[in-house]
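Can you keep this structure in mind? I'll have questions shortly.
Naming follows writing order (A, B and C), and every chain is counted from residue 1.
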Amino acid sequence: MSVLKAENIKLVYGAGTSFEKTALDDLSFEIEKGEFVGIIGHTGSGKSTLVQLLNGLLKPTEGRIYLNGKDIWEKPKKIRNVRFKVGMVFQYPEYQLFEETVYKDIAFGPKNMGLEEEEIDKRVREAAIFTGLREDQLEASPFELSGGEKRRAAIAGVIAMDPEVLILDEPTAGLDPLGREALLSQIADFHRVRKNTVLLVSHSMEDIARISDRILVMSKGRKVMLDSTKNVFSHGRELESIGLKVPQITKIMMMLKEKGVNVDTSVLTVEKGFNEILNILSQKTKE
Amino acid sequence: MVREITLGQYMPGKSFLHKIDPRTKTVLLIAYIVFIFLCRNFISLLIMSLFSLLVIFMTKISFMKYLKSLRMILFVIILTGFFNIFYGSGEVLWQWQQLKITSGGLINAAFVIVRISMLMMVSSVLTYTTSPTDLTDGLERLMKPLKIFHVKVHEIAMMMTIALRFIPVLLEETDKIMNAQKARGADMESGNLIKRVKSLIPVLIPLFVSAFRRAGDLATAMECRCYNGDKNRTRMKVLHFSIKDLIALLGCLVVFAAVIVGNMYFPAVI
Amino acid sequence: MEEFIKIENVYFSYDESEEGKSFALSGIDLTINRGEFVAVVGHNGCGKSTLAKHLNSLYIPTTGDIFVDGINTKDDDRLFEIRKKVGLVLQNPDNQIVAGIVEEDVAFGCENLGIPSKEIRKRVDNALKAVDMYEYRTHSPDKLSGGQKQRIAIAGIIAMEPECIVLDEPTAMLDPQGREEVMTTITRLNKELGITIVLITHYMEEAVTADRVVMMDGGKVLLSGKPKEVFSKVELLRKHRLNVPQATELIYRLKGCGYDLPGGILNEEECVQALLECMKKRGERSVGIKG
C-alpha cells in the first residue's frame, strides 16, 4: 500500500468569481513508503500548492488524498492529526521562529502533538544533533543565531515531530553552494536513518538529480511525468519545452550524443559524466 | 484568502469624480458630513439624499458596490434604528408593556438611518474614486500649513504611503506564517478566548520581527536613493486644480445653500 | 581603462571597541574601471556584502580609503554626490520598494534629488523601458513576480542616472526565471548603456558573464582576473567553499588524467567542442598507429 495517494485532485481558487483560477487539475499519483521523491516545475506549476494539499492545509475542490489508505478529509475536525504524520518545512523556514529559546521553539511541534515531557526532550535533542546545533545554541534565543543556524533550527523543529512523510519546499533557497550541499546531505542522511518518506520541492535540477529516487514533474497545474530520476532526465528536450533545465552535465551529454558520440544521456552528476567520457576516450585509443 | 481584502477598494475609472483633485474631494466630504448633520427637516434631508445619489451615480460605479459597503455597518444601522424607534419621545403610537413606539422615535430612527447610510456611501465615493497614493498626496498638501505648528507633515505622509504599500505584503506574510505554524500542529481554531489569543503568539512574534527587519532594509534602500526628508524634495506628480474642481465646489455650495434655505423655511422635526 | 572606484588598503570592523577587533575586511586593494562588469564571488560571510556597502558610503572604512570618481567616501558633505554616482540594489526585492505604484517608486530617487517634475517623468519612463517594465508602470508592486520587482528596484536606481550600479546578491531570493530576467537586464545595462556593474554573487553561472571576477574569503581578495582564469583554479575555489560550473569541473578532471584539453571552459558549448576535438585527436592518432 502506498503511503500517500492522490486521486484526481482538482483545486480551483475563487470559484464563481471573476478571479477563478484552476491551480491543479486532474492530478493523480502514488508515493511508496521510504521513497525520496523530488518535485520539479516552473513557477506557477502548482508544486507549492500541491504539497499544501498533502498535509491538509488546503482542501481539494475535487478528488481525494489518502494517507496510508485513509482519506485525510474523512474527519475534517481531525485534520490536525494529519499534520503530525505529514510534516512540512516551508521556504525560508527561519521566519517562523518565535520562542524564547531554540529549545522551546524546536519543542513547539512535539508539544502540539501532546507528547510527554521526557519524549519531547529526547526528540528535541535528537533533532538538534541531526541538524548540527550545539547544546549552548539550544539555550540561546533563536534571534541570536546566524541565518544558516536559524534555518537549521527551524528544520529541527519539524524533524522533532518525526513525521512519516517529510515535505520540504525549496529548503536550500538563498543558501550559498556549500550551504546547499551540506543541507542536502543532512536531508539525505535523515532519510536514510529514519527510513521515512521524503518529498523535496526544488528549482535546482542539480540538487534534485543527486538525491531523488523518483521525480514528479509538474507544469501548469498538471502532472507531466512521474518516473525514476534517470528516466525523467533522459527526456531532456521535453523538460526544456516546459521551461525546465536539465543539469549542465546532462546537457553536455545530450549535445555529445547529437554529434554522434555514444554516451549515456541519463548522466546526472559530474562523477558519472567523467567516467562516461573516460570510457569513450580510452575506447578511441584502442580503435 | 487574506489577500483578497483590498483596502479602500480603489476602482480606477474616468468619471467626473475620478478627475477632481483629491484635496477638493476631501474638503467637500468634510463639509458634506457637517451638512448632513445640519438637516433639521425632511426637505433638507431629501435635498442631501438626492444630492448624494446624484454624486454616487456620477462615479459610474455600480450601485451594488455601494450597498456592499453598507453591509459592513448593517449591524450598527439596525441597532441604532432599533434603539431610536423604541426609546424616543413624543406622541406614543403603539405600546406593549415597556416597549413604546413614539412619533419622535420614528423620525429619529429615519434620520439616523438615512444619515449613516448616506455618510457611508459618500465616503466610499472618496475611496473608490481616489487612489491611495493620491489620497495621501492630497492629505499631505492639505496639512502643509500645520508645519508652522511643528507638525511633521511630510513624515506622516511618508509613513502612510509606506504603510499602505506594505499592508498586502504583511497580510501575505501572516498567511505564510500561520500555515507554517499550523503545519507544526498549532491549533488556531478551537478553544476559549484566552486559548485562541495565546495561539496567535507564534504568528504575531515572527510577524513583528519580520516587520522590523523590513523597515531596516527599506530605510537602507531609501538612504541609497538619497532620501533626506522633504528637504529640496520635488514630486513627479503635481496635483493641480482644474475647472472641474471649481464646478464641484460651486455645485456643493448650491446644495448646501438649499439645505440652509430648507431648514429656514420649513418647520424643524428634529 | 579609466579608474572609477579605487579601494586602498581598506580595513573594516563592525566592532567599535579599540581592542581585539575582528575585521570583516582585512586589507582590500581593488580598482573598478569605468564601464567594467566585475563579479565579486565568495561564500557567505567572506565580506563581499560588507565591501558592496562601502562603495556608496553606507559603511566607512575603519582604516584605508575608498575613492569614487575621485571623491573620498569619508567626505560627509559629498555623500549625495557619491550616492548619485553609485547606486546600490539589495537582495530582498520587496524591501526596496517604497511606493504603492510602480512609476511612483521609480520616481522616488529623482524626487529626493530635487529634479524638476517634467524631467522626472522622462527619466522614469526611460528607466522603465530600459528594464522592460514600462507596461507595468501604473501597477501595484505586490502583484508582480520577484524578478519583476527586482527590475523595478533597478529602474529606481537607473532613473537617478548613476555611473555605476552595485548589486548585492540581487538574485538570491528569485526563481530561475527571475534570475535570468535580472541577469539579462544587468548585462544589457552594461553593454548598451555603458554602466559600470559590480555584481556580488555566489552563483557561478552569473559570474561567468562578467569581464572580471574577484574572489574573496576572510575579508581579503584572493583572486582577480578574467572568468576563464579564475574558474580554471578549481582546487583553490573548492578550498574556499565555492563551486565551479559542472562543465569546468568535468574538463578539469579530464585534464588531470592527462588529456589534452584547453583551460578556462565555462559553458556547455565550449565543453562539448573541446571534448569533440579531443576525441577527434585521439581517433586520428590511433588511425596513425594502425596505419
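The rule is simple: contacts are C-beta pairs under 8 Å (C-beta built on N, C-alpha and C of every residue); 3 or more make two chains touch, one makes a residue touch a chain.
All of these numbers come straight from a predicted model, not from anything done at the bench.
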| item | value |
| --- | --- |
| Label of the chain whose CA centroid is most distant from the centroid of subunit C | B |
| Pair joined by more contacting C-beta pairs (A-B or B-C) | B-C |
| Interchain centroid distance [CA atoms averaged], subunit A/subunit C, Å | 30 |
| For subunit A paired with subunit B, centre-to-centre distance based on mean C-alpha positions, whole Å | 46 |
| Chain centre separation in whole Å, for subunit C relative to subunit B (CA means) | 46 |
| Contact set on subunit B toward subunit A in their complex | 1, 4, 173, 176-177, 179-187, 201-202, 205-206, 209-210 |
| Contact set on subunit C toward subunit B in their complex | 56, 58, 80, 83-84, 87-88, 90, 92, 94-101, 103-104, 107-117, 120-121, 124, 140-142, 153, 156-157, 160 |
| Subunit B residues touching subunit C - in the complex, by the definition given at the top | 131-133, 161-162, 164-165, 168-169, 172, 213-214, 217-218, 220-228, 232-238 |
| Subunit C - residues contacting subunit A, complex | 43-44, 145, 172-173, 175-178, 202, 204, 241-243, 245-247, 249-250, 253-254, 257, 259, 268-269, 271-272, 275-276, 278-279, 282-283, 285-286 |
| Residues on subunit A engaged by subunit C in the complex (per definition of touch) | 42-43, 147-148, 173-179, 203, 206, 243, 245, 247-249, 251-252, 255-256, 259, 261, 270, 273-274, 277-278, 280-281, 284-287 |
